[in-house]
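The structure appears below as structure tokens.
Order of writing sets the chain letters: A, B and C. Residues in each chain are counted from 1.
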Amino acid sequence: MWRYILKRLLWLIPIILGVTLLVFALMSLKPGDPGRVYLGLNATQEAVDAYNESLGLNDPFFVRYFNYVKGLIKLDFGKSWVGGESVNDRIMSALPQTLKVCVYALVVAFITGLPIGILSAVKQYSLADRVLTIIAMILACIPVFWLCNMAAMLFTLKLHWLPATGLDTWKAYIMPVIGTAANTIGLTVRMSRSSMLDEMRKDYIRTARAKGAKEGSVIFKHALRNSLISVTTTLGVNFSILMGGTVFVENVYAIQGLGTCIVRSISNNDVPMLSGCVIILATFSVIVNLLVDLLYAYLDPRLRAKYVGKKKVAKARKEALNDAN
Amino acid sequence: MENKLLELKDVRVKYHTLDYDVMAVNGVSLELNKGESLGLVGETGAGKTTLALSILGLLPKGVGEVYEGEIIFKGEDLLQVPEKRMRDIRGMHISMIFQDPMTSLNPVYTVGDQIAEVLQLHGNKHPDERVDEILGLVGIDPSRKVCYPHQFSGGMKQRIVIAMALACEPDLLLADEPTTALDVTIQAQVLAMIDDIQKKLGTSMILITHDLGVVAETCDKVAIMYAGEIVEYGTLHQVFDKTRPHHPYTVGLFGSIPDLSSDKRRLEPIYGMTPDPSDLPEGCYFSPRCNHCTELCKQKGAAIHVSEDGHMLKCHLFTQENKEAAE
Amino acid sequence: MKKFLALILALVMALSLVACGEKAPADDGAADDGVKDTIRFQIKNEPTSVDLQNDGTVLGGFICDQIYGKLVTFNDKSEVVGELAESWEWNDDFTQITFKIRENAKFSDGSDITADDFIYTFSTDSAKANTYMAPIASMEAPDAKTLVLNLKSSNSSMLKFLTTYHTGVVPAGSMEATDIARGATAYSGPYALAKWELGQDMVLEANPYWYNAENVAIKTVDYEFIADENSALVALESGEIDFMYMASTIGITSVETIATNDKLATIAADQATAGMLCLNFAMPELDDVNVRQAMNLALDRAAIAKVSTTGVPGGNVFTAEYFGDDYIPGHDAPAVDLEKAKEFMAASGYPNGFDVELKTPVMFSKAAAIVQSNLAELGINVTITEIDASIWVDSMIKGDYQMGFMTFGNLINDLTGFINLYDPAAALHFNFDSDSTSFDLMSAAFSVSGADRTAALTEFADFCEADLPYLGLFMENAIYGYNADLYVPTPSGCGYDIAGMYWK
């Protein structure tokens, strides 16, 4: 299994190279002058030119790219073109905030979405099922920006229960986390509901009942374990989307996270910052996908053979033959 | 009387759908004694599986309903007992095995765990020994109990299912076409094994099948089912005896079997198709397909005739008057 | 199943550990004796640097204004008054200023602020590249508290240049010792940067050695970075922030909301920012002065101002309140006069009108629509192209535009920056090359003072009215929202004055 993990992680290298090349190429198409952005309209042209020269902007494309990659190998993401702050520092301060919100959101989505989906499936066609399905659909479609603003109006302005901005106290986490989680909750409810419905129709459920298992055991021990496979996949893929999509939530709740960083670096034409953020996102995407695959194998024994090395399989086979003889 | 294990009295089952009701079982009465095995034969859609599921209370909730009749097992009417008692009975006193072994086992738990589960559900706190024992009984190496279902072949899976069903040594085993999904050589093995265990443990069995050959090998009694009714019932010899009179459907069934010893070059299938259980014909359900159909048949459901030695036929042909008329 | 749950639990706990290190909740600023001395100040985004000489961004500028002291500053009547300098003297031909630095002017670490510190600060590489210090030829320090600036040429505007934070002072030798973008070793302004945690927190503490420290009531300034105006308004209304600044003004809806809430108040600061239509004189139709006069008389400035800003309509750059003694009366924007406009069009080389493209940033699209309908009356067919603000500057440099919406700020400090837009040699310019005057006149107007200056400025103002190198539209207002319990002095040309605020 470790060899498999290593192989997957090695894929990070071509992915990062490809992603950064794309960022460099696309941003060089966008007109805009980092020197002018930073120094302002009042600065002389010489000052702007000097600044741009110091950033190395007059070098040809591949020279710049090569220097950037050299820096990456040393894990140095370079300096921002707007003011020269270290991209590493900025990302180190922005990432934990976004990550916290996203992880909590994922956990919340899982904890609320899964039981509701199960309830919906087990009591299919009942009033509860119909109401919950409608709520899930609304949550899945609701525009996050609107939801966040409305929540702030209600809970901060009217009720004074929660703070408006920032992540200072545990109360401050509530609105951003739920805002981020909203769409995913809807998705999880629908996924787990349909997945449970599928599993409950299967033959092994009938076998379990025929053995005299209690209905609770049938649902939670037998069906759930199987339906978790597709739910996990969905949530895992969704996490990458969550990370990139926190822009709205961060904007409304004034969280200085990755989303804010990305938007600002695009409008400032700040390539190193943007590139750094995108690399982080890509890396997380790869890692999360890997975790999901591993979790998948843990949940579904049919897939485990993939992760066991070929040598191991041959060895096991030999042993079995010897036993048989 | 102590010998009587299971008695079905005029059991009727229907399925509710949005537009209409599906009349799956229309008045079945049967008896089964300890140690006996009954073959329940019929085409697809005859209601055999429904009947078996009704015995165990496994009909889809809200959709399937036993609206008439009694199912008396060791003195208890299973249709009246609380759900908790039914759970005790399932797996412990009455077990069921199903048709498709490929999907009958939970893919994410080891076979050892799944067998242990049925033992733990019925009070055995330390099932390991028993699991090994029962696996040995069905011919599987106990060291493989840590393997997952997908690591076994079809025939072995079915054996595991049988092991699960028999782990608690139930009084009654309901086997719903256990070998239909297997190829012929494995089929023979499995049947032989079932037979063997059954004799060893003294388990009664209802074997549902459409294959008369299987019945011939393993069963003491035979019931022929058509459109939710038992149309013929008797011992193996009684039903298979070509010299006796039989229900026209039974005749048709036997006629559909290829016979190596015969010179016939063509099979004689039964004309027509099994009726739609949501739209059963007037009168006798078999009348549209019967060679001996009369006006009476078309109007009134068939009468039941039982001979002295217990051979039951449900057909107008065999009422006293007609018999005499035929003779 | 149990193992699976344990795995999930372990994962969540591990990530929570990553998460630890939460900021302690901000206190409400009550000092021991119960008098509030903390203000929570909202700005739009976290600045990327507090390098006073390099950072042209508005964000960094806010902070720099508070932590770096300068020789002189503006008061709320747009007069130049002394800050770190207690007095100054020009020589006769305005080529030399001698400043007397206050005796009690000290850095936040207690050391004296001397003329040598100023000379060091004004001699760095970035200082030399900065427009504000460009007029300086050489500097002298006859004694510790006397600073002499020798200018390259006669330039009475130099005093005004010295009011920006770009001309603030840091301890001699400190730029090499530390990364100035992250902060200085010691601060010369009313406040010092006490804490800057990237992405979290920026806090200023009052500088105890500020020459006027005993009159500074607010001891702690806690900056909050809230980019969304709605969120900032919610934070203000719920008492989480005390002062709402946005980028330079809050929007009209926020103003209305605050007006209905008696716990909050607004204050307007006249901005030295002009909104204007810029014309690319390379286009022959726009090069025709009759066309420009016609357009000038067709624009409904009142309507345009209403949808663009909380400010006032304006034509000429020299509006009284901002320019103090540089104000030249009699050049206000004309009222709409379509008849006369049409006469001008008839007299021009394009009596039937023409097509022109107007590039506008999204925030001025409503104004652009009004311009479009105004000019349509003259047969001028305007197509509006919305562009990103960052692309507009690029288009200007490349000359890739015909008409463009623009705001130009800091006019009070630096008219030469504005003048540069008409220098054909500059990178950013409007291709302006009129026959009736030359660029020299314009630049000369700002390098003299006294009666000569007034005469030159009058000539410049007359020229602008006759030749219309640009079409002025409005003068922006900046409106800030704040907690009504706070006393906020009238903002000056240098912006808000935290050192002058106090809790009532």
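The definition used in the following text is that contacts are C-beta pairs under 8 Å (C-beta built on N, C-alpha and C of every residue); 3 or more make two chains touch, one makes a residue touch a chain.
This structure is a prediction, so every number in the text was calculated from the model and none was measured.
Participant: Grab the C-alpha centre of each chain and report whichever is closest to the global C-alpha centre.
Facilitator: Answer for the innermost chain: A.
Participant: Relative to chain C, which chain has the most distant C-alpha mean position?
Facilitator: Measuring from the centre of chain C, the most distant chain centre belongs to B.
Participant: Taking the mean of the C-alpha atoms as each chain's centre, how many Å separate chain A from chain C?
Facilitator: Taking the mean C-alpha position of each chain, the two centres sit 40 Å apart.
Participant: From the mean C-alpha coordinate of chain B to that of chain C, what's the distance rounded to whole Å?
Facilitator: 91
Participant: Measure off the straight-line distance from the CA centroid of chain A to the CA centroid of chain B, and report it in whole Å.
Facilitator: Chain A and chain B have C-alpha centres separated by 53 Å.
Participant: Residues of chain A that touch two or more other chains: which are they?
Facilitator: Correct list: 225, 299.
Participant: Show the residues in chain C shared as contacts by 2 or more other chains, in ascending order.
Facilitator: In chain C, no residue touches at least two other chains, as defined above.
Participant: Quick one: in the complex, what on chain A touches chain C?
Facilitator: Result: residues 31-33, 36-48, 50, 80, 82-85, 89-90, 92-94, 96-97, 99-100, 103, 107, 149, 152-153, 156-157, 160, 163-169, 221, 225, 251-254, 256-257, 260, 264, 267-269, 298-299 of chain A touch chain C.
Participant: Please output the residues of chain A touching chain B within their complex, sorted ascending.
Facilitator: Touch residues, chain A against chain B: 202-204, 206-214, 222, 225-226, 299-302, 323.
Participant: Note which residues of chain B are touching chain A in the complex, please.
Facilitator: Interface residues on chain B, with respect to chain A: 56, 58, 87-92, 95-96, 98, 100, 103-109, 117-118, 121-122, 141, 143, 148, 150, 161, 164-165.
Participant: Considering only the defined contacts, which chain C positions touch chain A in the complex?
Facilitator: Listed in rising order, the residues are 1, 4, 7, 12, 15, 18-19, 22-26, 45-49, 51, 54-57, 60, 129-131, 134, 181-182, 197-200, 224-228, 230-232, 234-235, 237-238, 240, 388, 390-391, 393-395, 397, 408, 410, 414, 417, 426-428.
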